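Chain lettering (A, B, C and D) follows the sequence in which the chains are written, and residue indices restart at 1 in each chain.
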Amino acid sequence: MVTPLKDRDTLDVSGLERVIRHVLAGGVQGLFLLGTTGEGTSLSHRLRRELIERSSRLVAGRVPLLAGITDTSFVESVNLARAAAEAGADAVVLSPPYSMPEDQVELREYLEHILPELPLPLFLYNLPPLTKVAFELDVVRWALDQPRIVGMKDSSGSMIYFNRVREVTRVRAGWALLVGPEELLAEAVLLGGHGGVCAGANIFPRLYVELYDAAERGDLPRVRALHSMAMRVAEEIYRIGSHSSAVIKGVKCALSCLGLCDDFMAEPFHRFGEPERRRIQSALKAIQPEVATALKTAA
Amino acid sequence: MVTPLKDRDTLDVSGLERVIRHVLAGGVQGLFLLGTTGEGTSLSHRLRRELIERSSRLVAGRVPLLAGITDTSFVESVNLARAAAEAGADAVVLSPPYSMPEDQVELREYLEHILPELPLPLFLYNLPPLTKVAFELDVVRWALDQPRIVGMKDSSGSMIYFNRVREVTRVRAGWALLVGPEELLAEAVLLGGHGGVCAGANIFPRLYVELYDAAERGDLPRVRALHSMAMRVAEEIYRIGSHSSAVIKGVKCALSCLGLCDDFMAEPFHRFGEPERRRIQSALKAIQPEVATALKTAA
Amino acid sequence: MVTPLKDRDTLDVSGLERVIRHVLAGGVQGLFLLGTTGEGTSLSHRLRRELIERSSRLVAGRVPLLAGITDTSFVESVNLARAAAEAGADAVVLSPPYSMPEDQVELREYLEHILPELPLPLFLYNLPPLTKVAFELDVVRWALDQPRIVGMKDSSGSMIYFNRVREVTRVRAGWALLVGPEELLAEAVLLGGHGGVCAGANIFPRLYVELYDAAERGDLPRVRALHSMAMRVAEEIYRIGSHSSAVIKGVKCALSCLGLCDDFMAEPFHRFGEPERRRIQSALKAIQPEVATALKTAA
Amino acid sequence: MVTPLKDRDTLDVSGLERVIRHVLAGGVQGLFLLGTTGEGTSLSHRLRRELIERSSRLVAGRVPLLAGITDTSFVESVNLARAAAEAGADAVVLSPPYSMPEDQVELREYLEHILPELPLPLFLYNLPPLTKVAFELDVVRWALDQPRIVGMKDSSGSMIYFNRVREVTRVRAGWALLVGPEELLAEAVLLGGHGGVCAGANIFPRLYVELYDAAERGDLPRVRALHSMAMRVAEEIYRIGSHSSAVIKGVKCALSCLGLCDDFMAEPFHRFGEPERRRIQSALKAIQPEVATALKTAA
């Protein structure tokens, strides 16, 4: 989920309400706050706490609430986890600390040290393009023996990695393996993954929910149709400008065009300017009826 | 400067005193706290503040005190800068926010936005191996027009970059261009750079101070002798294990062997084990008299 | 297909016969010579020509024969293409020239210049981990307008890229989009790709042929079973040693263990030593009956 | 040295004569053919041989002639080395084979295997940005024990690496350690390196020769002046367009502007268009008199 902002340290409170209402209405099965799309690490710790508290009150237990606690500092991650627990989150999500790359032994020790400090169950967040370090398979195997580690979100972008993790995690029933990039949701679920954390679900929640459902029950023609639609959304909304932050910018801009929330972005990023906004607007105009048709036709 | 720790959130206070006394006795012209070697981003914000305060009191104005304020969050960097000012630091040092890479326009805007919020002069910290983003020359040229930006520490490891920056920054007298890796101190200063921020100066402060002095006055035979010595230190102390954190580990372990401070390291790293420690000890034993001789002979 | 070698410039002729007989018996629909697994660029031009000639005679038109012609030199690639045509190959396969990375405009021009020189239809070979340059979507769109470019083998390892290419190439019926890593064959075909070029098909050709067939007709339970088997092969055979050449070494060693061909490798690589060979042997012993069972059960 | 071309497989013979005359007149102490700037790997093997033969006749023993023999194929590199020996070259230069990265054990074995096949002494060519693999220090130490390996050209761009290699190679007198990027020539020689292989010496040979001489005898003021001039050349001539091939394009275009040779480039590159050519022309116009002045003043 995005973090609707009025400025760099002020939540867009009514936008937050609208976005949460919108995605819950779309049928999503959980909310992940303060991930990459949520600009988690760009926000002050105070605002991160406020976001979890407000979201928790708004969601009111209807779906599980996951809160990102990744930080370069171990102690600050623990502080965030405690705040998340107090605020009513259901689990925390942690990637290797951004900053200097640690080796796999250090990464496992890092997890060993932090697990007893966390008041909530933990999802691993595999994000090597940004953290430089992946959870290699030996660490994943170790994690399967930790009752408090309950799943992983894999945003590596590599389905070879995802497939390998799926094979080894199969031994622990209920361990949730989720895929990050929504362009990979169809295949991840078709071959046995448990779901996805889709940035696009901020805009078109029902599209990804139904794609997931179709893949779950093996309805291939519907999977293909909705997957093509998801590819279309990514192509038109996420690839404007050449910036690595194009996904977040595209999503926030689209939400603003739809009147759902402000598109202010925390530094080091900024919202799209007028030319990009116009492109998003016309993309939305073209895509919205097609998404509606795809959802109907395929049903 | 390293951050002496007793455990992940406790300063080694007497170690800190000894290290500061040691490096000041060695003649260093400034102290840089909370950089990469100082494990800055791994520490809690509380401890970072405590370190600046205590160091400031110990240094008591004898040399300028620079404090790293890099954080993934703009607001937290500003909070740190304010704390640094209150604690008596003389300048702050800032690299691009670790996390998602921004483009150069965003990087310049980030600096434009943060400058008015900073109560102290700013050094740029170029660290692309860790932050993924470098200050490209157009941003450096822009920075030269900002009176509050007073210099750069370049830890890119690229002397081509350093040479290019030196050529463009020459127009602003007093703008300090410092090099990160001490293996490059000799050449940086010989060709017109203004100094270095040397991890090894925690251990052998006089070696780097005299190498700097020799380069400054163009005493090539002495530069070559002391530079070889500095290469020797790096080879023996910084390359144990294959970890990207080998420099910090080596420095902290050496300081511990010398009785200067504890070698505890904040997560995600850990201190060297016994076998590595023994290698550091015997390296120190071999190097210490050679450093002493080199300093005498060359003088 | 691997290139069976007796030494660095001598084909293992009887090994070549056995391997070709083996994979054709397994039902493969084509042979790709001189790709990465075929050590194409490591061989002398003379030997590359000999391999195509002998393979062409052995295949005798039963399946299409594709020959890799990638070289750092444009002229040498054209020379190879001519030799391939004379030797009876059906198409040539070309990645961007290894060496200095060119930009997309240069890459398109490179293709524009080479197309009229090639006597055979062309498959693009997308291999950015080795060539540093990918065929970006604009070049793919341009390629769709070239009648002589008939498909692409994508070894990027990125299913996001593969999915994007599939969406844009859909407009040209018959344009073949093949995936490189066999760990991705299932999902590539389930969502509309046209097949794979599987290193493992040298060892277990029927496994990948049947996995392809199952995916083609949407038989999800069988796809999942055979895909798991394929993941198992990759895990046990391709990940011995930490070398980037582990796949080729594993495949050649397995073929040697099975008595199909010599496992000599051209420089800069060398065959596995005894310990690795023993691991491959016991992996084969465990996997062979399981592959047989999976093929039967699933049928 | 560049390879003057009339088209992709035709030498610009009179251009070659003029360039060789020009650089020899400038006082260079050797010629390196078929390196990166010489587009070595982009040319047909036939043309590479022709270039060595013609150059050898033109140089007529006045300076040593080094020929690049890097190829993805071991056998083809040996073929090139034999042709180079017959054509009268004095040494060959070899980087790790472009294509799949090998590990250090494989790299050393590769050298062990190729050394007895080479009829000429060998320079190692360290080029990790393009070959993905560096000669690590253990391989360098091994190389020092091979009488037929007589030096290294380091184009890594890392002075930390260069400094480390210099320290370990010091034990073998006469082993030549040369730096690739000319922006690093001054520091490389000031601290004990043996010279550089400067692309810019195609245009302004005397500038780099005199910079080398000044560094050799420790004339720091002159070094600084000429080094600044060399930085200026790089800034104005090598950074037009954003292409990784900008250096070669800039050099060839400048040579063409000066009437020395054609600026045709082998695929995958192409010569600069008119706008870039005009920028090179006006840069040359500005720089030429300054180079002349710097050479005079400093003398």
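By definition in this document, a contact is a pair of C-beta atoms (placed from the backbone, for glycine too) under 8 Å apart; a residue touches a chain by one contact, two chains touch by 3 or more.
Only a predicted model underlies this, so the values are computations on that prediction, with no experimental measurement involved.
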| item | value |
| --- | --- |
| Shared interface partners, meaning chains that touch chain A and chain C | none |
| Distance-maximising chain from chain A - centres being C-alpha averages | D |
| Chain C and chain D: spacing of chain centres that average the CA atoms, whole Å | 36 |
| Cα-centroid distance, chain B relative to chain C, in whole angstrom | 49 |
| Multi-chain contact residues (two or more partners), chain B | none |
| Contact pairs between chains, per stated definition | A-B, A-C, B-D, C-D |
| Interfacial residue positions of chain A with respect to chain B in the complex | 8-9, 36, 41-47, 71-76, 79, 96-103, 106-107, 109-110, 113-114, 130, 242-245, 266-270 |
| Partner chain B, residues of chain D touching it in the complex | 157-160, 163-164, 167, 181, 183-184, 186-187, 190-192, 218, 220, 223-224, 227-228, 231-232, 235 |
